[in-house]
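Paired with chain B in one complex and with chain C in the other, chain A is shared by the two complexes that follow.
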Partner chain A sequence: MQNLLHDMNPSLKFVLVTLSMFAIAFFFNPWTPFFFWVGVLLMQVFMSIVNWKTWSLFMLPFALGAFGYLWTTIVFAADTSGEVIWSYLGFQVTADQLETALSLAFRVMAFSTLSLMFAFTTDPVKFIMSLMQQMKLSPKLAYGVLVGYQFLPVMKDEFNQIQQAHRLRGAEVEKNALRRLLGMRKVLIPMLAGAVRNAERSAFAMEARGFTGEARSEYFQVIKLQKADAAMTAIFAFLLIVSCSAGFWF
Partner chain B sequence: MNRLYPLNCDGELTGSIRLFGKDAESYAPGEINRRVATVFQDPDSQFCMPTVEEELAFTLENLHVPRENMQTRITEILKLTGLSALRHEVIQSLSGGTKQRVAAACALVMEPEVLLLDEPISHLDPVTAKEFIHWLDRLQQDLNLTIVAVEHRLDLWDSFFSREIQLDRSGCFISDKIASVRSPVSLPERVSSMGSEIILKAEEIAVKANGKELMTGLSFTAHKGEIMVVAGPNGSGKSSLLKALCGIYPLDAGSIQSPGVGFVPQSPEYLFLEKTVAKELAFSGIATPEELDDLMDRLRLKEIQYDHPFSVSHGQKRRVATGAMLADRRTVVLMDEPTSGQDAAALLELHRMIAERSDEGATFLIVTHDMEFAASLADSLLLIKDGKMTGKYPAYEVWKNTDLLAEHHLLPPKGVVQFAKSFA
Partner chain C sequence: MLTSWKLKEVVLMSLFAVVFGIVYLVFVHVSNIWAAVIGPLAYEWMFGIWFIVSIICMNIIRKPGAAVLSESMAAAIEVLLGNAVGPCLLLSGIVQGLGAEAAFAITGYKHFNVAVLMLAGAGSAVFSFVYGYFISGYAALDPSFVALMFTLRVLSGMIIAGIGGNSFRMACLRRVRFAATPFLVRRKVMPVHEAVFSLRQIGFRFPDDEQPTLSAISFDIHNGERVVISGPSGCGKVRFFTS
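Right, the complex of A and B next:
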């Protein structure tokens, strides 16, 4: 049960997540995103194994953003007509305002939770393999992404080393954020030069091992669609229908 | 010969190559690669999958091997190459020598008739390189493979090859003859210019990074004009020591006394901040124009002073980086692996550069595995193992002590061994 989201076919998960996002985007009442958000949270709790501390850290900026939406929409709404339900220190809040504000805030929460659910339960390598097998992604592109993924730790290491070297030269750290961003250029040039060299070497190594970029006839790691995937699709569909219709109940 | 040139890099090929009795042009892309496999130089950039098993499978998928055969072929090749225990390991976490073995296994899983090697040991330390060569030698005999290698450091290969083809700098053919066992590049002898003044004093230094102890209790001194080689197995903390000495890593305990310590990383271009070589040296504004002029003259940088530091040769880059350190009055220069992947000419240039600067009074601490290089240059050796200092020894004492060398993954320099034998 706790592994359901992790074992789900990554391509299918990707399609379901994208479709749900599109569907929810068309509902402007606060209930639809709210129900959807709660549903996704429940799925995350019962069908996956997550480090909740990291999850909360990732969620924090989104939560702040959602609160920001809520606050600004209530206080600085353009349309202030309608029934006043609450007034304090000269601020007047109408029912319409509150509804739009809540709708926006829940939408941010729903989308970010959904994205995090995908990110936290999907192995990038499996995802690419699945895209190749189920979605007919070109192997050229797919293996390109995989090689890039292998290089990420190397690039991070290089970045640190260059920064250390620059500090040694006495290149002071700029206080001004814009200047610092411009200063990054000096770190990025040697990194890019290295990246181009590495990319060329990798390409040669792959071709020397018979990689031509044409579609493959056999896969070692077959990623299938299983019964559990059908069940998960049903759960997603159910959640989507419940939350979409929720808008019409209230 | 593996048909990557000319097609895959817009090159031009004149003349003809016949492979297995057929013109090379007539093979389809990828077709020849299953009969002629290749192992490249850089252990870090020849893999595209996370684990050893997946990497082998990638090769088999390229060859359209049926899925039911993949498992057996992977198991077989791992057994043959002695890598079975590493089947599910993450490749990036393996050591350089093991990565090269995995690369060779990936080439051999195609069941090729010819194996091409492109300087496969240039990124390995000498002991690891030797082990790799022995391992390859056994495989070659087991599988009856044809092996063609490109290599400029032939001394480690001993009698591995049976034939050699020499090319000159412009790629022209010089000779094709029966291979001979090579002695290493002979580097000139030098007279030490070590002075009596102590210029660097490290006392009981300890370094921690991310809560992990990198080294503890290191104490040593260096004199003016001294050339000290820092050696030890991979991962023993040599690079960390250099970074601690020049202040990149903060000290956890102990103290370092020195008027100025500079650092030249393995890739000297990491240091560069300016658009021309001259501006690069003048970056800190510490040295006067006369001093800079003099320094550039001595480092032979005058002819490239208006070039972009990224566009000059590797040896020149290292001279620019050293110059920048000396211009900042950092008279103790630390060098991280300056010898790795260098051919004979580059080694000679490096040797000359270091010897000249030392004669002028600069002190060098050099991390290197190349004991031939160390023997011709070093006044003293600092041996490190597992983040602890074994000791600082005068160079000539270490060459005699084979146990000490073996313990630190080093091979005694051949010149010295032959010298010792002739006296025995």
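Right, the complex of A and C next:
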């Protein structure tokens, strides 16, 4: 039970997640995204093993963003009709306004929870492999992405090295956070230059080992669609139907 | 579409996508915190940052698809990194890439000057705005506020992605002129018949030997050619290099 989301076919999970997001995007009442959000949370609790501490850390910026949405939608609402429920300094909030604002805020929460669910239960390499096997992604692209992914630790080392080299030559460490962010440009250019060299080398190495980039009929790491995937599809569909119809009832 | 692509171009795109995927992630977090304070407007003026990889890659590789593929790859890398924005990011990446791609397609993939790059930045902005309008429900917002968001985003796309993307390429070009000539200066490749390295009548004799080790060697190596020098040990391969 706790492994259901982890064992799911990654491509199918991806399709389901995006489809439900598109479906939810049509609704502007607070209940649909709210129910959906709760449903996704329940799935996360019962069908996956998650480190909740990391989860909340990742969720925090989105919760802040949702709050931002809440108040901008109240202040800059398109539809200002309806009953006034709260007014302050000549500024009025109507029931409709609050409703759409809550809807958009819940939408942000629902989408980010859904995305977190995907991110926390999907193995990156399996995801790409599955895209290649189930969604017919070109192996050239798929392995290209995987090369990039495997290069991450190298890039991290390079980043540190470039920074240290800058410091050796007397570049000062910016204390201002914004300036430091803009100063990233100076590290970025040598990193991109290094990327050009690394790309050439690794492509050469791949081709030397017989990689042609043509589609294959057999794979070493086979990723299948199983019966459990059908069940998970049903669960997603059920959750979507419940939350969409909740929007009509309330 | 992919058949005309060399593997090294795909890998180059992927590595650029990694670098910018990380940059994008940093800015996602920065702007999320901003957004809590000033609402969705926080994203708009820096939106161009998220279009930059498509413009840089297209500017370097110059093949149809470079914009949309690189932007999607950057999004995919972000997803692989466990970015919380997850799958919907992949979609917005594809949409943004298509916007830039459209601009390059209109100009027939022939011109890559600043004006076209700015047009591509604007294209990404327009496409991503339409997508955002739908997915984030901008319809619920005041039209004049939405118009402000739109203007900011297009300007940001043109300035940050268009002009910024151009200067990044120039800076890269300066650094990797040697290593990446095939990538970066495509149009100035020398004609094949022109010799780049040529030797005429080279010979060498070790002081103790009677016979010369190397005698009367003449050859040309052309631009882009790969030459293998082989022979049994002691036949003078290294000596050939040093002379």
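By our rule, the second predicted complex is superposed on the first by the 224 of 250 C-alpha atoms of A that agree within 3 Å, B and C clash if a C-alpha of one lies under 4 Å from a C-alpha of the other, contacts with A are read in each partner's own complex, and residues count from 1 in each chain.
In this section, a contact is a pair of C-beta atoms (placed from the backbone, for glycine too) under 8 Å apart; a residue touches a chain by one contact, two chains touch by 3 or more.
Model, not experiment: these values are computed from the prediction.
When both complexes are overlaid on chain A, the residue A:216 reaches chain B alone and has no touch with chain C. In the superposition on chain A, A:147 makes contact with both chain B and chain C.
Set against each other, chain B and chain C differ in how many residues of chain A they touch, and the higher count belongs to C. In the superposition on chain A, contact of A:203 is made with both chain B and chain C. Once chain A of one complex is fitted onto chain A of the other, the partner contacts of A:71 are limited to chain C, with no touch recorded for chain B. After overlaying the two complexes on the shared chain, residue contacts for A:190 are found with chain B and with chain C alike.
Contacts of A:161 after superposition on the shared chain: chain B is touched, whereas chain C is not.
Residues common to the contacts of chain A with chain B and with chain C across the two structures: 147, 151, 189-190, 193, 198, 202-204, 206-207, 211.
Contact residues on chain A toward chain B in their complex (touch as defined above): 125, 143, 146-147, 150-151, 153-154, 161-162, 164-171, 186, 189-190, 193-194, 198, 201-212, 216-222. Within the complex, the chain C residues that touch chain A are 2, 5-19, 22-23, 26, 28-30, 32-33, 35-42, 56, 69, 73, 76-77, 79-91, 134-137, 139-143, 145-146, 168, 171-172, 175-176, 179-180, 183-184. The touching residues of chain B, counted against chain A in their complex, run 2, 4, 8, 29-30, 33-34, 37-38, 40, 42, 44-50, 54, 57-67, 70, 91-92, 103, 106-107, 110, 243, 246-248, 262-263, 265, 267, 269-273, 283-284, 310, 324, 328. Within the complex, the chain A residues that touch chain C are 14, 17-18, 21-22, 25, 28, 58-59, 61-62, 64-65, 67-69, 71-73, 75-79, 100-101, 103-104, 107-108, 111-112, 114-116, 118-120, 124, 127-128, 138, 140-141, 144-145, 147-149, 151-152, 155, 181, 184, 188-193, 195-200, 202-204, 206-207, 211, 213.
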